[in-house]
Each structure stands twice: as C-alpha cells, then as structure tokens.
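Should a chain be cited, it is by its letter among A, B, C and D, assigned in written order, with residues numbered from 1 in that chain.
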Amino acid sequence: MTPAADHTELLALRDALRDFAEARDWGQFHTPKNLAMALIGEAAEVVEHFQWRTAEESARLPDPDCAEVALELADVLLYLVRLADVLDIDLADAARRKLAINEARYPAEKAHGRADKYTRL
Amino acid sequence: MTPAADHTELLALRDALRDFAEARDWGQFHTPKNLAMALIGEAAEVVEHFQWRTAEESARLPDPDCAEVALELADVLLYLVRLADVLDIDLADAARRKLAINEARYPAEKAHGRADKYTRL
Amino acid sequence: MTPAADHTELLALRDALRDFAEARDWGQFHTPKNLAMALIGEAAEVVEHFQWRTAEESARLPDPDCAEVALELADVLLYLVRLADVLDIDLADAARRKLAINEARYPAEKAHGRADKYTRL
Amino acid sequence: MTPAADHTELLALRDALRDFAEARDWGQFHTPKNLAMALIGEAAEVVEHFQWRTAEESARLPDPDCAEVALELADVLLYLVRLADVLDIDLADAARRKLAINEARYPAEKAHGRADKYTRL
C-alpha cells in the first residue's frame, strides 16, 4: 500500500476505536482473549440471520434484514480492527499477504470450479 | 468517506476477491449462508490461539504465534469483505454508522470504566 | 428423569472428564472462559464440514466425512459436559427445562411449518 | 454403554426433539447445514456470558447469570443431539470413542500440567 497522506479507512477506524475505548476507560476489558470472544460472538450474530433461510432466501434478504446484517458485519469489523490494534498487527498488510498466499495455494488453472480444493482449507 | 480517486483499502480488497473468485469459478460457493459459515470458522481459528492462554500470555504472544494470528485475522477480513460484497453492503459505511450508534448508546460520561454497561450488548 | 441406580451417560462422561483432567493436572486450564472458547472452537469444526456443501450434499455425507463429523460432535459434547461440571450446572436437568420452555414458546398448533416464528429466537 | 431397557438421557432427548420437530413440521429447516449454524449460534451465546468477565468472575457467576448460562448450555445440547440424529450419528458412542482417543493422544505421564501439549489440538 502506497504511503498516502490521507488516512486510510482501516487506520481511521483503528483510531476512532482507540478514542472510543479510552474515553470510557474500557481498555481494561480489551484483552486479546476478550476481544477474540467478542469477535466470534458478532460473527455468530451474522450466522443467525441465515441459519433457517434457504440459500436462495439468503441471497434475497428483505431490506430491513439486510440493514440489520450490515450492522452485524460492522460489529465484526470493529472488533477485528480493535483486536489487530491491541495485538499490534497491521491488518491491511496481513490481508494483502494472505491474498497472495491464497493465489499461490489455489492456482486458477487448477482450482477452477472445483469444490474439493476449496473445501480443503 | 470522501469520494476519492484513489482506491480505498476495503474496495481494493473487495475487487481483488471478486477477481480471485471469478478466475476460479468459485462464485457458486459464495452464497451468503456459506460465507457466513466460513466467516465464523475463521473467527474460531482466532479464538483457538487464545483459549488456553492466560490474559497476560495472550497479550505477550511469541512472534511466530503473532504471525499466525495475523493471518487468521486476515482470513476473517477477507471473508467479511466478500460477504458484504455478495450482499451488496457498503462495509465501510456500515462501520462508521455503527460507531456512531455506539457513541450514542454508551455516552462516555456514563459508561466510563463500567463493566455492566459494556456487557449489556 | 427417574433417579436410577445406574450411572447415566452424561454423569459417566462428567466423571470420566474429571478423571482425565485431574490425571493431567489440566484443571488449571479449565476455567469457564477457556472452556467456553474451546466449546465454540469445536462447534466451528462441525460447521467447517458443511460450509461449502449444498444442503443436499450435507445430508448425504460420504462415510469417511461422517466419521469425522461424529468425532467433532463428540468434542462439542465433551467440552459441554466439562463446562457444565465446572459451573456446577446439571446439564440433563437444564435440557429438560429448556425443552419445556420451547414447547410453551412454540405451541404446535401455531408454529406448524412456519419459518418466521422459528427464526425469531 | 450397556444395552438397558430404560431409555438413556441422550436417546430420550433425541426422541423428544423428533416429536417436537414433527409436531411443528420443522424437519424441513433441520438440514445439517442449518443445525450446524444453530449449534454454533448457541455456543456463541455461552461465550457472550464470559467475554467481559475476568477468569475469576467467570468462576463465580451470580445465580441469575448462572441460571441463564444453564439454559444456553441446554440449547447447545439440544441442537447437538438433533444434529447427530439427523446425521444418523450415535453421539454417546462417538463421545466414548473420542475420550479413548484423547487418553491415548495425551498420556497422563507426559501431558501432566503442560500447556503446550494441551494447546496443540
């Protein structure tokens, strides 16, 4: 990522969450263990929106439900950014490196349309 | 987010994931249900790194473990961005709106240092 | 459940897990926080077996996969029994009470075949 | 488990859940994918009770909270039993087999008090 003058999204969120926690003296609760638990809790709230829906219904959510899911996805992102910060991990850099790893692990010409490769995580 | 000419991080990841899936014809597996399941699976891999560690050990991870956790956090971000895209949800916008909701729900002067408010999600 | 002389399954598992942990001096790791994290980690391993499969494929797992899923379900049960024990919770009794609550919350004549009630947990 | 005339706990729960689902025509929603998602959702509700608590607070839950956790553990057990049934898996047998595998994998004399072995799941 080119070093730009403008603040990137993930860094802006990181800073906003630092301010948020500091203003409330909530840093004491933000241990990596706790944040990891909060992260998976929010991921579960995303899962709940789809658990009784069919694959088709999941792809055509009514607007109110989609709006709720958007906020649950937001919760996951917020805890993810906060956890990365507390662990001093560069999240954007890690994401780019993982993409590169995936590109190498699943070469397009070999992995095309195949479920078996894709399921063997 | 100001409409800027340069591609933002989250949009860049979104586009990279679109290309990745298309090149492998994996869109068929990327239903919201499946992606939600993959998302929580990756969150669980983050949790696993901390489940037997104490709060103190969790905050002082050895470098190799921290490097592994970085890639697990990356996996969560990648599936999160992909799921938002498939649902046509603007993730960055949702995150900013949720931050604002949290600011209003937990006013700094009332929520300061208190665990009870913070636990009542 | 009638008070029987023979040891019930859940109590037998509870005792076996107590012996297992004690013999290895692992009680120190079995705090409720840690066990809750381990529990959800195992649930995630169950989810992983189905995340890329269609609903139909999920219902017709090949034998080797089914055997693996059986052991993942076992892992969930073992951590569940251990966590209940550490919290001094009677798991079998709680299950019966929750069934009764569900019976009252979703009367058969009203809830028949309806997804909306069932999704509003 | 000795073949006994009296119905075991897990089998009794299995049958009660079969009746419950049938009376409401909810079998259509009980695909393995959906049940796996419901299972992890309930595990997340257990995790939520502990995420902001310290290890010590987690071990000394106030009675009302403990009562709530008991019902969450019950939810996990109910979905676990239901999922095993839908997959035609003998849950009690799988649990006993997994215990035996764990006994062999972590010999007491070698695994005693050591966190490293225990974390390498």
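In this text, contacts are C-beta pairs under 8 Å (C-beta built on N, C-alpha and C of every residue); 3 or more make two chains touch, one makes a residue touch a chain.
Labels paired with UniProt names: A, B, C, D = Nucleotide pyrophosphohydrolase.
As the structure is a prediction and not an experimental result, all values here were calculated from the model.
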Same-interface partner of B-D, chosen from the options A-C, B-C or A-B, over half of the pairs matching: A-C
Contact-richer chain pair [A-D vs A-C]: A-D
Rounded Å distance between chain C and chain D, as computed from the means of their C-alpha atoms: 1
Inter-centroid spacing, chain C versus chain A (mean Cα positions, whole Å): 27
Multi-chain contact sites of chain A, meaning residues that touch two or more partners: 29, 33-34, 36-37, 40, 43-44, 47-48, 50-53, 55, 115, 118, 121
In the complex with chain B, residue positions of chain C that touch it: 29, 34, 37-38, 40-41, 43-45, 47-48, 50-52
Footprint of chain A on chain C - complex, ascending: 33, 36-37, 40, 48, 51-55, 115, 118-119, 121
Chain A - residues contacting chain B, complex: 1, 4, 6, 8-10, 13, 16-17, 20, 23-26, 28-29, 31-34, 36-37, 39-40, 43-44, 46-47, 49-50, 53, 55, 58-59, 61, 66, 69-71, 73-78, 80, 83-84, 86-92, 94-95, 97-99, 101-103, 106, 108, 111-113, 115, 118, 121
